[in-house]
Amino acid sequence: MCKDMNSEIRNILEGVRDGNISVDDALLRIKESPFEDIDYAKVDLHRKYRQGCAEVIYGEGKTGAQIKGIVGSMRKNGQESILITRLRGDSFEDISDLDNIRYYKEARIAICGSIPEPDGIGKIVVATAGTSDIPVAEEAAVTAEFLGNEVVRLFDIGVSGLHRMLSRLDDIMSASVIIAIAGMEGALASVIGGLADCPVIAVPTSVGYGASFEGLTALLAMLNSCASGVSVVNIDNGFGAGYVANLINHTR
Amino acid sequence: MCKDMNSEIRNILEGVRDGNISVDDALLRIKESPFEDIDYAKVDLHRKYRQGCAEVIYGEGKTGAQIKGIVGSMRKNGQESILITRLRGDSFEDISDLDNIRYYKEARIAICGSIPEPDGIGKIVVATAGTSDIPVAEEAAVTAEFLGNEVVRLFDIGVSGLHRMLSRLDDIMSASVIIAIAGMEGALASVIGGLADCPVIAVPTSVGYGASFEGLTALLAMLNSCASGVSVVNIDNGFGAGYVANLINHTR
Amino acid sequence: MCKDMNSEIRNILEGVRDGNISVDDALLRIKESPFEDIDYAKVDLHRKYRQGCAEVIYGEGKTGAQIKGIVGSMRKNGQESILITRLRGDSFEDISDLDNIRYYKEARIAICGSIPEPDGIGKIVVATAGTSDIPVAEEAAVTAEFLGNEVVRLFDIGVSGLHRMLSRLDDIMSASVIIAIAGMEGALASVIGGLADCPVIAVPTSVGYGASFEGLTALLAMLNSCASGVSVVNIDNGFGAGYVANLINHTR
Amino acid sequence: MCKDMNSEIRNILEGVRDGNISVDDALLRIKESPFEDIDYAKVDLHRKYRQGCAEVIYGEGKTGAQIKGIVGSMRKNGQESILITRLRGDSFEDISDLDNIRYYKEARIAICGSIPEPDGIGKIVVATAGTSDIPVAEEAAVTAEFLGNEVVRLFDIGVSGLHRMLSRLDDIMSASVIIAIAGMEGALASVIGGLADCPVIAVPTSVGYGASFEGLTALLAMLNSCASGVSVVNIDNGFGAGYVANLINHTR
Amino acid sequence: MCKDMNSEIRNILEGVRDGNISVDDALLRIKESPFEDIDYAKVDLHRKYRQGCAEVIYGEGKTGAQIKGIVGSMRKNGQESILITRLRGDSFEDISDLDNIRYYKEARIAICGSIPEPDGIGKIVVATAGTSDIPVAEEAAVTAEFLGNEVVRLFDIGVSGLHRMLSRLDDIMSASVIIAIAGMEGALASVIGGLADCPVIAVPTSVGYGASFEGLTALLAMLNSCASGVSVVNIDNGFGAGYVANLINHTR
Amino acid sequence: MCKDMNSEIRNILEGVRDGNISVDDALLRIKESPFEDIDYAKVDLHRKYRQGCAEVIYGEGKTGAQIKGIVGSMRKNGQESILITRLRGDSFEDISDLDNIRYYKEARIAICGSIPEPDGIGKIVVATAGTSDIPVAEEAAVTAEFLGNEVVRLFDIGVSGLHRMLSRLDDIMSASVIIAIAGMEGALASVIGGLADCPVIAVPTSVGYGASFEGLTALLAMLNSCASGVSVVNIDNGFGAGYVANLINHTR
Amino acid sequence: MCKDMNSEIRNILEGVRDGNISVDDALLRIKESPFEDIDYAKVDLHRKYRQGCAEVIYGEGKTGAQIKGIVGSMRKNGQESILITRLRGDSFEDISDLDNIRYYKEARIAICGSIPEPDGIGKIVVATAGTSDIPVAEEAAVTAEFLGNEVVRLFDIGVSGLHRMLSRLDDIMSASVIIAIAGMEGALASVIGGLADCPVIAVPTSVGYGASFEGLTALLAMLNSCASGVSVVNIDNGFGAGYVANLINHTR
Amino acid sequence: MCKDMNSEIRNILEGVRDGNISVDDALLRIKESPFEDIDYAKVDLHRKYRQGCAEVIYGEGKTGAQIKGIVGSMRKNGQESILITRLRGDSFEDISDLDNIRYYKEARIAICGSIPEPDGIGKIVVATAGTSDIPVAEEAAVTAEFLGNEVVRLFDIGVSGLHRMLSRLDDIMSASVIIAIAGMEGALASVIGGLADCPVIAVPTSVGYGASFEGLTALLAMLNSCASGVSVVNIDNGFGAGYVANLINHTR
């Protein structure tokens, strides 16, 4: 039970003692507080370091009408900025008449409202091994930007052409967080992890064929990285990587 | 190629231009610089935020004599603090006469030299689902402490007794990073990830039997966490989790 | 060989002894009895605690004409209520002119005839982690209702928002059986299993992507639940969970 | 939040209103109550249908001294009966001088105190395919007996000799719950599930070699049982099966 | 090198010695003989016990024109009977004007020419657990019939309704070979293997969902059968089972 | 229900009709008959073509005293020949004083009593890829000999030295059944299956390392044999292969 | 750092020393050299032994317009010959108006420009087990031809008909490299590896069904080949095999 | 059938024609020739480019006496140099009195006789990611040296410290074949494959823990290398890699 709740309940109790609150009212308010506490604590903290209020909708499998409904309800409750992930182009058609909405095609993301000014500790580098990894990378990058981060994109710097990576050494060395995205054998995470001095979030992608097993090989390889400082999210989980990177870049 | 190297090579070139450095000397120094650059950049950055100089030895499979040799060599090169991981108790016996060495039995870690004052952004919480996960947790905790972090231990707060976790809600809500360690079904990471507002590093452990498949089940479960903000390291990789958490807690 | 058969065969034998039954007739009746015994014993027992007579048709891969034929044949044999599972909406079109038939779209179930009054020991709670798990949950819930149980639905109470589950603690604590349905990492089963004091039937779903491996991860996680009292059925097997829950809720 | 807590908090609030309880005392008691509620609700319910008070210690990896300490502490708190599972014979030697303790060798279980009279709805049948499955079966059976159930043991009735199973048809047909335990291909669960009219808890065992993959094959087979009414626990998890069966046999 | 080749080469050598065959001709004929020997031995043996001459075409992925071409070429070479497997209905349309061709829809097999009189040692029983396994069963049955065997079909006798199997005990006990076909948990093979006294060829099918993993579970279960006398072929390999059963039923 | 049982029950019924058998006696005998029928039918059939009476004991995990007890009991019941499989050398020491017992060290088999004259249709060839596969091969060969078959051993004829196999072509072409035993990639089964004209029982062995996964690779390869006529048993299951081969070689 | 770079930097340094190159120009040229070195070293070496200049485009997922653009850019940079792999027939339609382009349908490859005269050490044999493996084989063969190798095609020589392979023994024995391509159980690689005296590149294909697991079984089998001299590439990776074979056939 | 056999058989035939060889003698000699041809062709070719005669014994599981016997027999047949792999140190003790034998401890290899002068096309580079991979590397290196190759060892140049690898760029760029040995995530193969212009043989090792799955992760990663020119052998198969590298380095 965290501190805010303590003082809230104390206020209620003092109200009861002083006769300002009935026992029934107090009971009702106390019953609701631990769960509100758990629920909104997180949101409150979010609010602390981001001035707007942002929420996320997982678009996959939702109809345009459903998404419109959720957005409408959120806006009524004061949400200014809303991120909609895994939204197919044809689904966007159905909601494109919403106020102030933009679609990021490669990222399969729509954003309602404005993107905040970056307020993170430093920059988030989003790197990919190949061009086929770019949709996952864009999902990560746009998510991070939406959450208030400056993002540097380093695409197609896979380890089979090491010079491409080394030519971007400055960006890699000066990042606060790096998201390393690769399919096939996923070696990018290890090589970047060996060069960089910041947390590396590795994202295996389902790019490849045969014994890539739709991302499993890259996943296992990244979990076994010989470089320290690497942690891993689910296959193709660009949103998750962007979300973790944002948390790290707002560590407090 | 990063900035420090630029100025170093410029110095050499100006020396050549001015006749202060011979072409042969310059050639030798330039040949070595890109690799030195890659190598030492990382160490330098480390030095910036940690005043001591710390290094890590992976103890598994090394004899006492070998470890002593490495420690001796490191100390000659000015390393004051050295972390030795995966060191069995009987192996420690062989090196226990080294100056200023202490053994952390549960963590299977030995530390030569002093542990620095914590200088991270906040606190690192190390949580476990059960008591059998404690050795991995101690490896993570001692690693993080060695690298200059304040650590809060919340052991045996697994989800089958939710009250145990909720009674520590204050610690969970106020952490800068949380390391969530669990075997079996690994649900701890999801529940903590749902409560906390900071990055969660999930460590699957090989605790369990049958269809736990020596940690594979916990690993897969953690990668699929329904809570955002969770990333994962290898099974039983307490050191890796402590290392990542340290990087996050020193984000700059 | 169970008791009813004993007395049946004894009757036949006494008939033979007394000259009332010929050897040939007796032989025929005895030959059929052990298998009838095995076959119908179960049906009889069903009848004991449920006044109606209910049967199940697995609809997947059957044409409307085939289903109509089976239903007709069952009704001639006195089956009043018939459950048809895994029935697609377009397949229902073909049989919607059957007397007294209703379609439960989310459950993909059609029911011919009436649903009996609940006569179980207590209530069956059907809980899901997310909204994508609802089709499996409805299959379980409608199956249980069809078999004579009162069902309480608790949808979208996944562990990443713990307050949602805790706010339904009363329902969870007072259930006779709980069906816990989740994809991704399947942690719902463990958390409910830790809270509840009744049998928990866990149903992994194929909800998720990447390393969820179409439900395998949730399946393995549920089998390794750290909470006692949890047993598991196949991925997406809502019918099976409803059937087991019904048996438990009619334990005698 | 369940009902008992409501009235408890109401009492506290009325105490505050009436000046009998200080705000500080009330705050403390209210802070603890939601978690106490979660914690003790379960124990209370247990007490309702079992007059004694029983607890379980997982013996694996605990020293004799540790177990003695836990038992002593439990007894001080009024626990009369204690179940210690996964206890090796040589570990039992170390604690055999505890008052009123008995060792069940095949089950690898020790019990302190008395076993209660059975008070379940009916009988629990524990069946195994072969003799090598008996240790798991005894773990299940002794657990169920300890929790207040009458147990019928049907060992070595595997499907390769169908007559062995059919000769026990009476026991199978009259059970309230059946625990079906098998390694290799695990077909026992399906055949019993087809015969019986009660919930069947299937326990795969690691008995077998080669492509049995230490119980994985039996586990998968049981999850795919063509018979309805079967649910599954982890490989070799006799305790879990006994625990679930007990819950079912005490359904209320 | 087998005996027929010996005498063939001796004839050639004697021809050379006697001046009837030139060295060059002899060299050519000797070069070809070891491979011809390997090739045709098999066909010759086939001919011994089957009066016709039969061949098999794997239809999957072949066009109607291609199949017609192969059939024409075979017929020119004296093949009277030709089995075409894995032939889709629409592909059959394209070749239905071939002389003396019939299509077995469920088996997805077409046969050109006549089916020989059965000349095997005894009868081949083809048994399935469910109705969904029938296509694989028909592929096995028609293959066996084409190769000269009497086939008894026992469909839908799965172990969840044991009486269905027991009512066909006569057929099972009097078979020369049994093909046991099942998906899901594949228990049919074990139960039949326990009852029968002849070789049982088990065929796992891809019938099932979730943790049936498209036949893998049935495959593993069948390989671990607790009954002796069971061997296994690939998932859905009805043709292979029919072929092996035919070889057994013609053992010499 | 098979024919023998029909006449047995008719006899009982006629005895009842004629007053020679009481109803109670008749009831008892009829109750037992369906299961006796299932049980002893098999043994009877065995007896028909093998004059002796043979039984098998699985030795693994049994003490010398236990085995002695089982052998004694079997002998009292008229079993003259007994096969004991998976018997370690030191376990044999404990039972070596039994009358008329011999130990086959490589096969890890002991046989009590005499081995019958071969009475099969033809010869069983037992072939191995390498010398490490010989223990499994000897288990198969001795089992087959014990059950009344002539066995030809072709060891170490793996496909990497094709001439070794081709030099034994006569044996391969004239076999009635072939048992093909191989670890690693298991190609032996396919090559022999392509040459031979009889059923091939493939036995994968756990010989190999790394990606042989203790026999899994050989198992999968054998199941996918491009040669028709191959069926497969469990990894290292020499006994099972010998048993199936015996059934085939006694097909009736 | 390799030799060419040494002399290049020495030239720059001497230019600086002699006042011919400014420090700024020198700095720029030195900064770029290590990476250029890594990049172009490879291309240079290629040029040494192949007079033309060849490049590869991976066609999958690229539009006709994209491919045309890349080809145009390459040609401007002097690339005369360009290999486009994984190009579907309908995609070729879009680019068929490019100068001097030909499409190899089975190989799914298009080549712009001329194919060089073979200049390898010897011949590359491309062998397949069946006809379904031919597309992969053609990808390998055309790749090798494009890179300057003489290729011998031996298709459909799988081990189930050993005579087919033995009749091509001359080709196998005289190859410089062999590419062995097979699905199902992949035994071709082992048999060829046992016969040949040159490196064998094994390519598993996804040909097969059921337990072939889309090439996994062939892959594992090839990795466990009992023949020395075999190494393996990814499933269906004809291009990779052709590329490796070319490197071997140009070993210097 | 290859050319040498042609002329041999022609000689025999001419001898028969001319009356110098009897038909019986000719028959015997012809019968043996195709298999001899297959068998010895390989050895003959070996002899062509290596003056000595070398053979390999797989030491694992063989006793000292067995190895001595094989060596003695080989030497009688003129084998001067013999390689014994997978020989444990204590097993070497038993054979250390053989003439002219040396033990390579890290490689677990013993060599009888002299190692030939290198006669390959160029140099073989053996590279490892870490120090734990060295035993596998030494097995590869000593094998290659024994077969007549110059070997360059580059140990501990894993990708987490890229400068270590780049500092050996000269060796990598000038190799004829490279053996890349790594456990964990196996990224070494991809990075070297991207730099080098020669065939790369990748050897996964079982170095690692948790999700390295004893080398499986490295194996899969290497098979999915994004760099062309990489082929893979079995986990820990240093001998196989050395053997393939030798074949490549003697391509003719």
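Letters A, B, C, D, E, F, G and H mark the chains in the order given here, with residues in each chain numbered from 1 onward.
The rule is short, and it goes like this: a contact is a pair of C-beta atoms (placed from the backbone, for glycine too) under 8 Å apart; a residue touches a chain by one contact, two chains touch by 3 or more.
All values reported here derive from a predicted model rather than from experimental measurement.
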### Query
Which listed pair, B-D, C-D or A-H, shares over half of the residue-numbered contact pairs seen at D-F?
B-D
### Query
At what distance in angstrom does the C-alpha mean of subunit F lie from that of subunit B?
57
### Summary
Chain centres from averaged Cα atoms put subunit D and subunit G apart, in whole Å, by 61
### Message
Can you compute the centre-to-centre distance for subunit B and subunit H, using the mean CA position of each chain? Integer Å is fine.
### Response
40
### Euclidean distance of C-alpha centroids - subunit F vs subunit G, Å
50
### Task
Any chance you could list the residues of subunit F touching two or more other chains?
1, 34, 38, 161-162, 166-167, 195, 210-212, 216, 219, 223-224, 228, 234
### Task
Go ahead and list every pair of chains that touch.
A-B, A-C, A-D, A-G, A-H, B-C, B-D, B-G, B-H, C-D, C-E, C-F, D-E, D-F, E-F, E-G, E-H, F-G, F-H, G-H
### subunit B-facing residues of subunit A, complex
1-3, 37-38, 41-42, 45-46, 121-122, 166-167, 169-170, 173-174, 176-177, 195-199, 201, 219, 223-224, 228-234, 239-241, 243-244, 247-249, 251-252
### Message
Please output the residues of subunit F touching subunit D within their complex, sorted ascending.
### Response
34-36, 38-39, 61, 204, 206, 215-216, 219, 234-237
## Note on the structure
Listed in rising order, subunit B residues that touch subunit G in their complex are 1, 6, 9-10, 13-14, 16-17, 19, 23, 26-27, 30-31, 34
### Message
Per the contact definition, I'd like the list of subunit B residues that touch subunit D in the complex.
### Response
132, 161-163, 166-167, 209-212
### Task
Give every residue of subunit E touching subunit D within the complex, in rising order.
129-130, 158-162, 184-187, 189-191, 193-195, 208, 210-213, 216-218, 220-228
